[in-house]
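The structure's right below; bear with me while I get my questions together.
Just so it is clear, A, B and C label the chains in written order, and each chain counts residues from 1 on its own.
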Amino acid sequence: MIELERVSKAFGGAPVVTDLSVKVARGEFVVLIGASGSGKSTLLKMMNRMVEPDSGAVRFQGEPAHAMPAELLRRRMGYAIQSTGLFPHWTVAKNVAAVPTLLCWAPARIEARVNELLDLLGLPPGVFGGRYPHELSGGQQQRVGVARALAADPDVLLMDEPFGALDPITRGALQQELLRIQRSMHKTIVFVTHDIDEALRLATRIVLIDHGRVVQADTPAALLARPANDFVADFMGRTEAGLRLLALHSVASRVRAGAVAAGAPIRAGASLRDALSLCVARGVDRLAVVDAQGRPVGAVFLADVVAAPAP
Amino acid sequence: MNAGLDTGLREPGSPRLPRAATRRPTLAFAWALALLVALTFGMPWLKPLFAALFPQLDRPMYEQEPFAALMLAHIGLVALSSAVAAAVGVVLGVFVTRGVGREFCSLVQTVVAMGQTVPPLAVLAIAVPVLGFGEAPALIALALYGVLPVVHGTLAGLASVPHAAREAAEGLGFRPLQVLARIELPLAAPLLLAGVRTSVVVNIGTAAIASTVGTRTLGSPIIIGLSGFNTAYVIQGALLVGLLAITVDLAFDALGVWFIRDH
Amino acid sequence: MLALLVATGFGAALGLAFVSHAPNRLVSGAGVSLVQALGSAPGVLTAALLLTAVWLAAAVFTRPTARSHVLVALASALLIAMLAAAAGTHAARLAAGSAPLARTALGAGFWALLLLCALALGDALAAMRWPNWAQALAWAAAAAPLGAMLAFGVLDDVSLVKEYTTRREVFGAALVRHLEIVAASLAATLLVGVPLGAALHRHERLSRPVFAVLNVLQTVPSIALFGLLMAPLAAVAAALPLLARLGVSGVGLAPAVVALTMYSLLPIVRSIDAGLRQVPAAALDAATGMGFTPRQRFWRVAVPIALPALWAGLRVCTVQAIGLAVVAALIGAGGLGAIVFQGLLGSALDLVLLGVLPVVGLAVLADAAFSVVARLWVGTQPGALPGALQESQR
């Protein structure tokens, strides 16, 4: 869907992105991750022509990004940033309606869409629609920012560290929402962050960038299990890689059907890391497992949890 | 002379900073306007009062022209020059904050800062020998001097627009003109309007002095009174000029409140 | 941008009159272009001027580096001096060959070129990012040749300088009177404004109405306020002959000083309020804990911390007063405004400039002086521990 081919960019003589190629396919959740100053934000901005590469090609849905005016390209993508950039002089509803208004949608259609999105992001339109950005909390503002990015139903969503300024609890809730939206609406998302846990939680594919070059681009499990070099291994956390790998898999994948265990059960949808943590906390070597409705499914054994990762 | 936008310290004949109250500004403006209209049309009825206060004068009331005509001429001069100044000032301010014009930004800022140390009277005084006496030179001088506070306000206003809002607008697909018209200018409006306000109120004072160069304004009674040692004339003119300035300033106050309420 | 300045400069040099020569004051002058003026200048001057102009033009095409900025600054400054010299020599030449009443005035071309050079100089200084004091020195250095030329009489035949020479005493008196007005209003401001500001800070309830009144006062145009004060002051002088003997009357110095003081009240009171507000409560608490009495707290802790704000307020008042005092000439207060109005009514640009240029110069000097003193003595940052507090902590 988006293709960056051997792009380079230098600011004031200092190279920020060097000979970088990245492909984003439809339906993927690609996370660009790296240290501060690694060039990941610049890379994101090249996708919607906020930054023009010095060399290399940018393609969107097969066509060169230069084939159309920059504004039209951007209206086909959603854009959400860390500081939200909500327009202070417009209400929440008007903010969300920004791009549909630019696209000259009918007012009734715009209103319906705004209400739909505000509901989707947990901000009842009746309560929040008429409020101004400065009246909202940081988490609420970020939700409006995401709603605004989704308003015109773009195929792609570009997000630049949108949850970076939020507290861990709000961040977790918003990550959850984003995953849910992505899965239900089949959006393609390109997401920039420097937080490895966030990347592991959200991504279908991670692109690790250092000093403007791609170090490794692969699934989260692959980056954890088969780091390409020391830098990747360090970045993923040498000593924590194992636990992070466990977090990627659910209890359901290791449950032994029919087995029985004592004590409070764990849900099948929980991660293996949670199972490990519970085992250690209770001092047991097995846990009862229930499904989402609370019906018993079986038990998960500590030995299975720490066994070699499934392929 | 500081236009009083950033330090909060104002020069005389310059507007006050807006307050937070909502209904009071509109009320204050209404009262001031009522008083102004009453005095403009009703001044001749105060003749006995002035006769009593200044028994030594045989002409205690300025009767060469109706005060209403002078008021109209004064307002016309200020309105026209301020409109031109506002238009030029805003365009100039916008021009030097984007694209090609950015190169001239520091130059314009220097000129504006330097220009405001020159007393407004000086611009008038220089315009006359160059352009002659009459309405046109006064208009040009007022318009020229009025550009400075407007540019100052426009630059300050545009600088106050949050960078994130501009970036988000660009990223969402607003065209540069749309970013300016729908995002930047509305957010810059308070400081921009403060600049226009300064320009207008200062112009009211300078227009009064412009009556020394052959334009008929509310300053005429003052000047004639000063040269003829007729203090009554001076007071009549000064009252109306002062009241006009206060009324216009309160009008901007009320306007500011209405503006905030709408957005 | 330099390109624009240079292009305009060439346009001005060729298109506008450099100086204008008239047989007497009543007739408008015939324009003399720069080229013609250079005809009578010594060859060295012409050559140097042309070279510098070409150098500036060339600088347009070079890449801006630190060195090129310095050279541009130098070239602009030299050009200013040389233009003045050219005007002076040509004026002298013309004066030698015509009647005594003839005058040679600086034309639009000269002023335009001067302004453009000054802008180029300012732009170069800003691009070099020199600190303020260095920039001020650079400007002083650029103006020094002009001062020298004035002193040595090179510019004596230029009409502006001639006006000064013929009216030397009048000018001197006007300048002194102008400074008197400003000084008197400053003194009155300090006497009235400082206690008022301190009182308002203590009694918050009073501050709203007082500020409202001061705000309204500030909106009233200066000429109106001068006019409105005339009658009451005349009445006061009539009622109290003692004051009349001291010089209070309806016209002249008294209404001017009173009005200027009234205009200064808002800035001063505001700055005192702001200054006292920024005294950290922690410092006052510490002082109380150490055993300072309320009076000691005020004078030894609050005042030193509030001083920079007060100084800034005084600076604004002074610059403002210098400008406002010009209008005061209308009510008979004299000062540089008298010269300006004389020029205005007689349509004599030279007189107007003779009045306006010193006013602008005074304002710039006053502003610079205040900021220099602020930096050296009062301290620009609030919150520096006052000496008393430091000592008692030992």
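In this section, contacts are C-beta pairs under 8 Å (C-beta built on N, C-alpha and C of every residue); 3 or more make two chains touch, one makes a residue touch a chain.
Source: prediction; values computed, not measured.
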Practice prompt. Indicate, using Cα centroids, the chain positioned nearest the centre of all protein chains shown.
Written response: B
Response to the item:
Farthest chain from chain A by C-alpha centroid distance is chain C
Practice prompt. Could you please state the distance in Å, as a whole number, between where the Cα atoms of chain B are centred and where those of chain C are centred?
Written response: 23
Fill in: Centre distance in Å when chain A and chain C are each reduced to the mean of their C-alpha atoms
60
Worksheet entry | Separation of chain A from chain B, taking each centre as the mean of its C-alpha atoms, in whole Å | 53
Worksheet item: Once bound in the complex, which stretches of chain B touch chain C?
Response: 1-2, 7-17, 53-54, 103-104, 106-107, 110-111, 117-119, 121-122, 124-126, 128-130, 132-133, 201, 204-206, 208-209, 212-213, 219, 222-223, 225-226, 231, 234-235, 237-239, 241-242, 245-246, 249
Practice prompt. Quick one: which bits of chain A touch chain B in the complex? Just the residue numbers, please.
Written response: 48, 50, 71-75, 78-79, 81, 83-90, 98-99, 102, 145, 148-149, 158
Response to the item:
Contacts from chain C onto chain B in the complex sit at residues 1, 4, 108, 119, 122-123, 126, 215-228, 230-231, 234, 250, 263, 266-267, 270-271, 274, 312-313, 316, 319-320, 323-324, 326-327, 330-332, 337, 340-341, 343-345, 347-349, 352-353, 355-356, 359-360, 363-364, 367
Discussion item. Touching residues of chain B toward chain A in the complex: what are they?
Written reply: 162, 164-175, 178, 183, 186-187, 263
